[in-house]
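Multiple structures follow.
The same chain A turns up in both complexes below, where it pairs with chain B and then with chain C.
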Partner chain A sequence: MTSLTASQLDVSSAQATAKGGTLFHQIWKRRTSYFLLTPFLVLFLIFVVFPIGASAYLSLTEFKGTKPPVYKGFDENFGALLALDLKELTLAVDKTTGEQLYRCDRKNIPQSQVAAAKEAGQTCEIAYSRPAEVLNKGFRELGQFNLLGKRFTLGVSDARFWTALWNTLRYSLIVVPLGIIFGLGLALALQRQSSVNYVLRTIFFLPSVTSTIAIATIWRYIFSSENYGLINGVLTQLGIAPITFLANPDWTMPVLVLMALWGGMGYNMILFLAGLQSISAELYEAAAIDGASQRQRLWQITIPMLRPTLLYVLVTGTISAMQIFDAVYVVLGSVERIGGVLDSGLTVVPYLYDTGFANFKLGYAAAIAWVLFMIIFGLTVLNLRLGRVNEPV
Partner chain B sequence: MVGENALRARLNRNLIYIPVVALALVMLLPYYWMAIGAFKPIPELSRTPPSFFVENPTFNNFYDELGGKGLPEHVEGIFQRFQDTSGGFARYYLNSIFVTVSVTIGSLILASLAAYILAKHRFPGRNIFFMLFVASMMVPWQVTIIPGFLMMKEFNWINTFTALIIPALPKAFVVFFLRQYMISLPDELLDAARIDGAGEFRIWWRIILPLVRPALTAMSIFVLLGEWNNFMWSLIVMQSSENRTLPLALSLLSSTFNGANTMGVLMAAALLVSLPTLVLFLIFQKQFIRGIALTGIKG
Partner chain C sequence: MKRLFVFAVIFTLAFGALAAMPTRAATTITVWTTGSEDDALIFKAAADLWAAKTGNEVKVEAVSWNDTYAKNLAAVTSGQGPDIFTGGLSYGIDFGSKGGLVNLGEKFADDIKSMREVTYQGVWPSIVNTAGEVFAVPYDLTVYLMYFRPDLLKEAGVEAAPKTWEELTEAIKMVQAKTEGSAFAMQWGNAQWLYFANYLYQAGGDFYTPDCSEVTINSEAGVTALEFMASLYQEYGSPTDGWPDLENGLVTGQYPFGATGNWLVGSLDVGKPEIAGKWEIAPLPAGPSGKSTVFLGGRVMGIMSFSQNVDLAWDLIKFLYTEEGASAMLSKATEKSAIFFPPVTAYYDLLKVDAAKLEAIKTQLNDAKGPPNCPGWEEGANEVQRLLDTVLLKDADAQEALDAAAAELERLLNE
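What follows is the complex of A and B.
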């Protein structure tokens, strides 16, 4: 796809300008062209170009929806979204005695009592001051880490955003590679033309033509915490305690990943099948004559020849994974608030929706959208680099 | 030696079907679960462990004459829900069909005209327009969501079909795709038509469009699936009850329903929502697969 664009882009309009006459004259001569382009162009400018520009402006404003937006500059929203605060944590000391504190089983005790606690079987480690004391006002701790023998805390001003970002990246990083592996595996398994393969391909492709909301609704029912849910019903039958899939922070991500894989691998399979068809049979015949094993043929011919498809699936797959919304909204949304319990399933687009349309922080939401764009853009460039598109295929 | 290898290869090839068929069954499971759920009567819905077969199939989840009267084992079927809208769920069905068909036809007409101009006309600024369309494809649509919503409010389009249809019409990707397809058509064909006195509009409609039919089919499928599933934008601009589309109605049910009694109604609704595209797919399977392989873009 990318190579196609590059080669088609330079279809020159140079001839048109080279033929002489003023620019205005040339435009007048070509008025039919402009006239026929107008319907699309006008709608495109109004509903695509203008909103992109307006969004860029709004992301620099404070705008709560009731009063007109007020221009504040980059720091207002992007600053608040992305601000990090890294501070060193000091050792915690008892305020009255000045004695070093130790943390044993969630309780801080002075050094003198540590030996006793250890004898009681508790594990103790040196205690640090509370992050809230060192972090800037309004910052919440994201995590702590040790470096060069010192203890640091990393604080952020919008913890929900970072949670959403982390969840989105985590989700994409699992879903995209697994989707490629499953899709490619299926394509290789089902590439021969036979009626059985045809039926199987159809089955794997079904989710791609099924309403996403309908699918999410069915999964919600299947993963239902009660015994009438399919999985928990079976688990109970097997004597296993039911799992509250949708109300347990540890399970929300696996559920989302499972749904995405189930829904997406057939789609990838179709793309890989199309890619496989374009590989010339002569290559395989030549390899067979040379005595190449099946594995060699896979790694030396199939995978390298599929590189454009692989790259395409990687790029578009990452883009769409980063934009996940429907599944989060329907499957997790009603458990507590959007994003599931403790925001364990909160991703960037649902957070954008929540910020803009539940909390009416419209300028802030626009900034989130731009951060998303930048990340997607960055990942796309990275993917293209990894795929080395410039190399001749 | 060779024979043994061939035998082993064949065995391997057939062994692969074990995981693939198992996976295929997993693929079908949610569909099966939906289908039986939609026809289970309430006693079977609330049975634990859940039953994998329907013993007494019923249409009560669609329409239950005894529903809504406080009787045990009877709830209102899907067509009795949404009492705030005349026509209820059936109306949402028509809404969804109307919006999907309008956007599909409208966007294809607009895009194919623009694609023809960009592919076959030479005029100053052509490349700039084309680059603008291509560049816009890089921007995730969520970037436009906040201004888009504000514009709909400004235009007084909130809660109207206009808000679902008009902003969805300019699709740069469709222009891009059709242009790539049209560019390979021979210019002589168009010149001959011009000599015969055909206008540009006529050339587009009578010559170009019939020639790019496979591309048009692929794009109609792409747009149609995307619009039938359109959720987030509808959620934002459609707050009234009567103009709801199916995904909105379904997500509303999904978020308000709880308990085994209503799961049958929910599955009936899910079945009705997913059926049209599934049926279309099973009829036009070849075109779907070819279209997806051709475009490689998910709706």
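What follows is the complex of A and C.
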């Protein structure tokens, strides 16, 4: 055990004073700069730092708006959001006879009756115990899977959150790569400087400067299954039965993806065009002299030289896709609840909105925001690592 | 000059004193009405009369159904917003339990007692909580009605509006044999728990026991109701979209019959003049219980607990219950081709609707039931909806879905 002597304390104190003096001196020296920065810093503290700190605190509380937040710790919200319960499902048997049960067309029947059921055209499979019987109280099944010859059920305490997270990841995994491909394709097609290309670039960029709410409202009409729905109007004229795009869970994600690609590829195109302009023409000339084909020039020059732009589009596109809200809210919210039928289009931010501003579970909503932030942060770090943008080409 | 200066000073002081004399300033009551701009104007028609009589002012703002819950709840939580709000039937219990509304049953006990006597009785079980507290009073009523084109049904061989579930499916089959498309559209609350409530009640079931001690959604009646509802989509091709265009369908023949709220009675002739006089209304078909019970909707009104003008706001609410107030609202509704169905039974006859249609509305109103008033229902309705969807859209087992719904409602009930 060591202890500081009085002289040591004096020295430390003197050093601290000297350092403090130096710091103050430095601030004083740059007082004009700090003074000019003050308006920004004040606004930054009030509108960025404070809300972030407040939301971090709220995420650890139970806060329903009408009463002051009550501190509950990490487990209350984050535990409820992220808790998993993995259980093995046992084979279902008839309680009276002990006979193995089979599930034939939504009904459990004993093994002895399976042959007859199959003859009647029913599809039968071995029946397992019901997930609700094995999962912990308050957990709902997210899905089942087989592993090492056994059947497992995965339960979660907030199934809507996991559904939203899965939908968000699925949506991002489709939209981001396709957005890059289409954006780059458009940029390559329209990179030559001509008046036709200027007009086409403007047209493709228009959705990016149009209100997303207005665009989503138009899409809603386009996909409506009624006669006034544009697509179904055409289908009906052609004698094809209308498709319930917005009321069918299988169509929800394709609709969202289509809207995102249509609205986002023009923006990506502009970024890629800027990137293409910065590639030296000499590289292409040298490659042409060396006999490189168009494809080789694309893969050996264009794509590597566009790496910083690609990485930028990838990172910002991922962040934007993970935060999708407007389209879900406007297009699907009008059909049923906010995520569309069976939550098939529910993503994390609309779920956050629903939790926070429709159900007023503000502490829980803050926890959702922090989980989303950590996921986006992780993905961004991963993208930057994989892209290694600072390395020379 | 000196005299002129003295005169000016006296003049100024005299005017200053006059201006400083205490006068009764008009109080402004702010109201947020849920619904369209027309709905706000209907409220305003009566509010303006009250304002003229009392020397106060009323500011009425419309809040759309999509935003009303969040906006009113934000007002409740922030302590800033209107004095009076109108909103869904369950809002009174919901906001009241959060401490956001004046306990009207306690503060104005005698008035509430009088109101209960003159209003439609069926609405009260949905707006009084299990402790007997009243935080909001009925503003207007909405019931499901069947709208149909007798001429189109006759062409398909259907002689009258179906009165039972069996007649309904038979009629759909007959129409489909002629048109090969969807025949029957459920507009309001389509593929939702709202519409499921109709079938549940008609099958003799309910969401909870009357005292809210038990969840009964997964009863035999519940399963019958859900299986029948699913069959309408899966076998009989009713559209699953959120809001089928019943109005246009009645014109084109796409939907010779369908069901939605009573508001269409006021607007259909104006919106679709080509079928004026060609359509009729009837109560919904009866289920296995023999009853045609439908879900009762509508709006309630209450006073925010942060209001500085509780007594004045209550005076305005009471005025809406007078014949003068109701007449003003009904006249404005007629002018706007809307229907405003007052909660006071004595005013039904003031409605400017032809006798046969009014009779049909009254008949259906006598067999209507509102949403549950049990704890946890508001929160559980989302999960109930998801589970209903698994049956209606994914062909899941009705009993299993309702068992899961019951488990969730029980959990919330006991929370």
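As a convention for this text, the second predicted complex is superposed on the first by the 369 of 393 C-alpha atoms of A that agree within 3 Å, B and C clash if a C-alpha of one lies under 4 Å from a C-alpha of the other, contacts with A are read in each partner's own complex, and residues count from 1 in each chain.
Rule of thumb we're sticking to: a contact is a pair of C-beta atoms (placed from the backbone, for glycine too) under 8 Å apart; a residue touches a chain by one contact, two chains touch by 3 or more.
Being a predicted model, the structure only gives us computed values, none of them experimental.
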Is A:72 touching the first partner chain B, the second partner chain C, both, or neither of them?
-> neither
Go through the superposed model and pick first if A:233 touches only chain B, second if only chain C, both, or neither.
-> first
First (chain B), second (chain C), both or neither touched by A:248 = second
So, does A:170 touch the first partner chain B, the second partner chain C, both, or neither?
-> neither
Of the partners chain B and chain C, which touch A:337 in the superposed model: first, second, both, neither?
-> second
Broader residue contact with chain A after superposition on the shared chain, chain B or chain C = B
Scan A:357 for contacts with chain B and chain C and give back first, second, both or neither.
-> both
Taking the superposition as given, does A:151 touch the first partner, chain B, the second, chain C, both, or neither?
-> neither
Mind working out whether A:30 is in touch with chain B, chain C, both or neither, as first, second, both or neither?
-> first
Considering only the touch criterion stated at the top, classify A:307 as touching first (chain B), second (chain C), both, or neither.
-> neither
Which residues form the common part of the chain A surface touched by chain B and by chain C?
-> 224, 226-228, 333-334, 357
Interfacial residue positions of chain A with respect to chain B in the complex | 1, 4-5, 8-9, 11-13, 15-17, 23, 26-27, 30, 32-34, 36-37, 39-41, 43-44, 47-52, 54-55, 58, 186, 189-190, 196, 200-222, 224, 226-230, 233-234, 236-237, 262, 266-267, 270-271, 273-274, 294, 312, 316, 319-320, 322-323, 325-326, 329-330, 333-334, 349, 352-353, 356-357, 362, 365-366, 369-370, 372-373, 376-377, 380
As the complex stands, chain B meets chain A at residues 9, 16-17, 20-21, 23-24, 26-31, 33-34, 37, 45-50, 110-111, 113-114, 116-118, 121-127, 129-134, 136, 138-140, 142-151, 166-167, 169-170, 172, 175-176, 180, 183, 200-201, 204, 225, 228-229, 231-232, 235-236, 246-247, 250-251, 253-256, 259-260, 263, 266-267, 269-271, 273-274, 277-278, 280-282, 285, 288-289, 292-294, 296-298
Spell out the residues on chain C that touch chain A in their complex, using ranges where they run on.
-> 66, 69-70, 73-74, 76-78, 98-100, 191-192, 239-245, 248, 252, 254, 379, 382, 385-386, 389-390, 393-397, 404, 407, 411
So, in the complex, the side of chain A touching chain C is made of residues 64-67, 106-107, 132, 138, 224-228, 244, 246-249, 333-337, 341-343, 357-360
